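Just below sit the structures, each encoded as structure tokens.
Here come two complexes built around subunit A, the first alongside subunit B, the second alongside subunit C.
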Partner chain A sequence: MVSPYLLHLLVFVAFPVIFSFILMFHRWNIISSMEFVGLRNFVVLFQDRLFFTAIYNTLIFLLIHIPLQIAVALLLAEMLNQQIRFRAFFRAAYFLPVVISGVVVTIVWQQLYGFDMGLINRILTGLGLSRVGWLTDPNIAMPSIALMATWKNVGLYVVLFLVGLQGVPEHFYEAADIDGASHWQKFIYITLPAIKPTIFMVVVLSTLGGFSLFIEPYIMTGGGPMNSTISAMLYIYKQGFTFYHMGYAASLGFFFAAIIMLVVVIQKKLIDRE
Partner chain B sequence: MVRSGIELGVILLTVCISFSACGRVDDQNRSYFLYWSANNPYEIEFADFVVKAWNQKNPAIPVRFQPVPEGRSSEEFILAAVVGKTTPDFYSNMWQGDVESYARAKVLVALDTLDGFLQTISQRCDSTTIAEITSSDGHIYQIPWKINPIMLLYNKKEMASIGFEEPPATYSEYLEAAERFCKDFNGDGYFDRWIGYSEVLVTWLQRFFDFYPLYLAASGGGKLVEGSKVMFVNDAAIKSLAFLQKLYARNYFSKEILSARQDVFLSSVIATRFTGPWEIIHAEKFKPAGFEYDFCPLPIPDDFQGNRYTYGDPKNIVIFNTCRDPQAAWEFLAFIINRENDLKFLEITTQLPRRKNIFSDPYYSDYFKKNQKMIPFARQSRFVRGTDVSPVLKEVFDIISQEYEFCVVHNKKSPEQAVADAAQAVQLILE
Partner chain C sequence: MMKKFVLYSGLTAGALMFLYPFIWMISASLAPEQEIASLNLLPTEFTLRSYLHMIDKIPIGRAFINSLLVSVSVTAGVLVFSSMVGYALSRLHFRGRDMIFYIILFTMTLPFQITLIPQYILIVEFGWANTYLALIVPYLVSTLGILMFRQYFMAIPQDLIDAARIDGCGELKILFRILWPNSVPALVTVGILTFMSVWNEVLWPLIVIRTEELMTMPQMVALFAVGGRAESQLGTKLASAALLAIPVLVAYSFFQRYFIQSMATSGLKE
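Coming up: the complex of A and B.
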């Protein structure tokens, strides 16, 4: 029964990886024959300021998105773990955005974020406040995307945290109650240490998801304003499938994969040390 | 045994699914020509008509057509077909800017080597058009087929209400119209209606609907690049950027991204738009009662003298090198672009055939009498340009688009600086 999986792995994973590795040392625009260029793609890469801007933007996205996602997901999971009314409804409601197409969500938020006609700015001006360039101000566009991505994905992490929270033995809390611990103290000293494996998993999944940021800037901003939302994935896509610089795109892809691996390893070491 | 059967089935299914996307669309040894048309309903209708008419008259050279398969864009699908060697014999919706790359990759047939091609093309097109479509190696790989000139669409009643019985013709007039039209109705300090709108996205092809046609208008049809030379370091580029910059700086253009919104032109939220004849079908279908609109040439710098050019958004016909008999294929293509079929194309699609003197040719006069909205486009068709011959055209437009965003949309650079920076970056890639 392993054969179909092996075949799938060979065709869709091993072959593209090996082919991309070969491509790194070539110039190829798909329609012409490949030209061996040695390490030239990497020479260009290290001089490509826009690629490093794209990596910087991606890291900014992660710095906003991961803490926000963990905080909101944990808060919601904690609330949904209580005996509240309509608990099943709320659990389903928070999970709903996860199953909606990313493109649809992005287009809806694009309209909400509109500067002149968007609902959010209409409300702000209705309250006598100034409009915000959610997607047109270079300082705000990436946080706006991070906020939207959090709304879209938080339901998944709520479910993961719920599973983690339900695995914390009840007698820990009973003992803390006897000792007179506050709700906050129980959360800090019992809940958080107990769900550390879940937190690690959420951090890693959020990091990997965050590094693959693509649909949101692709649809909402095209990488603008002034390159403030161009993500590494969007830049690699643009090099590969807009300009057909396949060899260069492969080099960017491998370089970026190495950065992702490095970040995940560092994350693991930090959490292990904790 | 049963388990082995299931395993085999799963393997076969996986193989089929895995390789179905790579499979050949058609057998290259087919006994007919395969023609891919654009996949909009009007061009499908035209292709169906013209193929039936041909097959009736020429059963010995049968042609079958199919719309280019649906994808994110037809350009991507054509590329995939070229790579997979599943191209049709000919394709009628090729963006002119892509032809040079395909020609250099030797996947297109040099049409000027076919009997009768040059004679037909020189009867149909003027020398400027022929020069524009000639590749860097001196051969012609495309038939200039259709254009959709970018013009100024304007709301007649709204413009009249602000004192413009005639649409604004110059930058000053357009800015004056903008000042009169843009209004803050609810007193919140922001305009609620704008003179116009253009996508603020930095995506390279958006510049075909703002900077590039205005640059062509301001330069009398100037080039952006020629060979390895940058050609846009001039007053025309600076003036057109400065004009657009003023529109955004004064909030006369909305910075909204409107992709999924109600039509802002038909709802009178904006009064003008830089657009093509495809708006006619849309406007006639959805315009509110009493709504009046028309088209006119794009605004030009106040001191400009000369012909008012614009971007023609040309789409052309090519023969792929997978075609077994290009000479016979050309006979069919010559049939597609003859006078009668050009008229049929115009009637069905509301797109202009790229034919010289189409407006003054009496053969088409009945059509224009019945379709008054197309007259401005027919008049403009004498002064349209496509794209320059360059294999790195998308990169050129991408660089211009980046500078456009900094300069026009965000006012972070002067037009002079933006032009200089764009020229420097473009020069690097041309070298």
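Coming up: the complex of A and C.
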């Protein structure tokens, strides 16, 4: 019963993990023979400014994406949790981008973000404001991608928060009403503590998703302008599959995975302490 | 009353924000090229010219069949193999069962960034680069699927299984003849999740498939969008994106409840 799984595990998980340990200490372009280089990959890695730029960009992405996503998802979930009609329709509309390929979303948003012809800049100029270089300004391009990613994923978190909100017992709110609590106080003292597990889940899920950021900059900007949107995954992809530096790309992947696990553990610790 | 008005305005604005880009995409892909820039939702005439131009440029039909073949094979494989493991973990007693369970939980926490490069090398060494096998075999087991089946099977009455055993059913027969028909929700959930994630996957195909005839649809559309072969014809690009979205849009509009439930439970599992 479990033997197909074990075989698969051995070949596609256990072996790759072990093999990546070996690869890290070699230089290999996959065609010629492997050359042992000791720790040189890591020496190069720590001097590789572009890689750290890529990690920095990815962290910038997360810093914008996660709070924005939680705020928007909570707001929409709160609205859906009221006594409303057409709840199923609204929920389905918010969720739609979640099921659509990121490739489609990126192609469409590339047009929305267009400098001269894009919808967003047209609205801005229509309001008498000046155009924004959504994808051409190095300071704004990554936030633009984070905004788009939030738009794409937020529907999933709306649904998760909605489940969380519906799990808060009604009598908590009734008791607070008797005590004369305001809407905001009820949110801070009842809702937030009750949905803390959901918030943690959302943080972890969007962190893992954000660390995998790849296809959006790949299509939209190719990592530019001025390397401002090159994500860690995009950089690893380029090292591995454009330049065929297999040993180096494996080292990058390993180092990056360690950062990911570290970040998730820190998040868990922080949230537990709260 | 005022509050209701604000609430419904907010809800509607939200819905528009999420729907508009897709409506515009489809409308623009059907508009004459020179009208796309006008951003009107209703062009003066509807034309399939962008679609014809795209079909002329890339073998999108072939890519559609590739994607379908890969997604269906992987989904079938995941349903069979994951339910087998889920059954073993929930209903059979054997040595090392708990250890396997912990290994599964552990592999879920392992970032895929570690295994990406070695997995590619494995595919090359197997001689699977540029074959369907590269797209299918690594995905045949889903840890999430295993956990979902395990949990679902645990709720099924033991009497049902015992009765089948007395009738002389083997374990596989019990799984497929007794448990499967009683686990339709789990099958639907795992099926939708697997199908969607494989259908939308683009990084892995970009890595292991380089020949055009074997490319999946998202891969081909992505490369078309960045590669300049759309010759800055916006309509053609949007047509390829629309064609990639339409099968999912259609499925979603009929079964949105199942899509949402499945993806929400996958989130809740983490």
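By definition in this document, the second predicted complex is superposed on the first by the 274 of 274 C-alpha atoms of A that agree within 3 Å, B and C clash if a C-alpha of one lies under 4 Å from a C-alpha of the other, contacts with A are read in each partner's own complex, and residues count from 1 in each chain.
We adopt the following convention: contacts are C-beta pairs under 8 Å (C-beta built on N, C-alpha and C of every residue); 3 or more make two chains touch, one makes a residue touch a chain.
On a predicted model such as this, the values are computed, not experimentally measured, just so you know.
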Identify the partner contact of A:16: answer first if only subunit B is touched, second if only subunit C is, both if each is, neither if none is.
second
Using the touch definition from the top, say if A:8 reaches subunit B (first), subunit C (second), both or neither.
both
Applying the touch criterion given at the start, work out whether A:30 contacts subunit B, subunit C, both or neither, answering first, second, both or neither.
both
Under the stated touch criterion, name the partner, subunit B or subunit C, that contacts more residues in subunit A.
C
Once chain A of both complexes is superposed, is A:243 in touch with subunit B (first), subunit C (second), both, or neither?
first
When the two structures are overlaid on chain A, which partner does A:143 contact: first (subunit B), second (subunit C), both, or neither?
neither
Of the partners subunit B and subunit C, which touch A:224 in the superposed model: first, second, both, neither?
first
Determine, under the contact definition given at the top, whether A:209 touches first (subunit B), second (subunit C), both, or neither.
neither
Regarding the shared-chain residue A:111, is it in contact with subunit B (first), subunit C (second), both, or neither?
both
Would you check which partner chain A:201 touches, where first means subunit B only, second means subunit C only, and both and neither mean what they say?
second
Show me the subunit A residues, by the header's touch rule, that subunit B contacts in one structure and subunit C contacts in the other.
1, 4, 8, 11-12, 30, 107, 110-111, 117, 222, 241
In their shared complex, at which residues does subunit C touch subunit A?
7-8, 10-11, 14-15, 17-19, 21-22, 24-25, 28, 37, 39, 81, 84-85, 87-89, 92, 100, 103, 107, 109-122, 124, 137-138, 140-141, 146, 171, 196, 199-200, 202-203, 206-207, 218, 221-222, 225-226, 234, 237-238, 240-242, 244-245, 248-249, 252, 256-257, 259-260, 263-264, 267-268, 270
Touch list for subunit A against partner subunit C, complex
1-2, 4-6, 8-9, 11-13, 15-17, 19-20, 23, 30, 76, 79-80, 82, 84, 86, 88-112, 117, 119, 122, 151, 155-157, 159-160, 163, 201, 204-205, 208, 211-212, 214-215, 218-219, 222, 233, 236-237, 240-241, 246, 249-250, 253-254, 256-257, 260-261
Where on subunit A does subunit B make contact in their complex?
1, 3-4, 7-8, 11-12, 29-32, 107, 110-111, 114-118, 125-126, 131, 133, 135-136, 138, 220-227, 241-244
Please name which positions on subunit B make contact with subunit A in the complex.
7, 10-11, 13-15, 18, 76, 79, 82-83, 101-102, 104-105, 107, 188-191, 194, 200-204, 254-261, 269, 394-395, 398, 402, 405-406, 409-410, 412
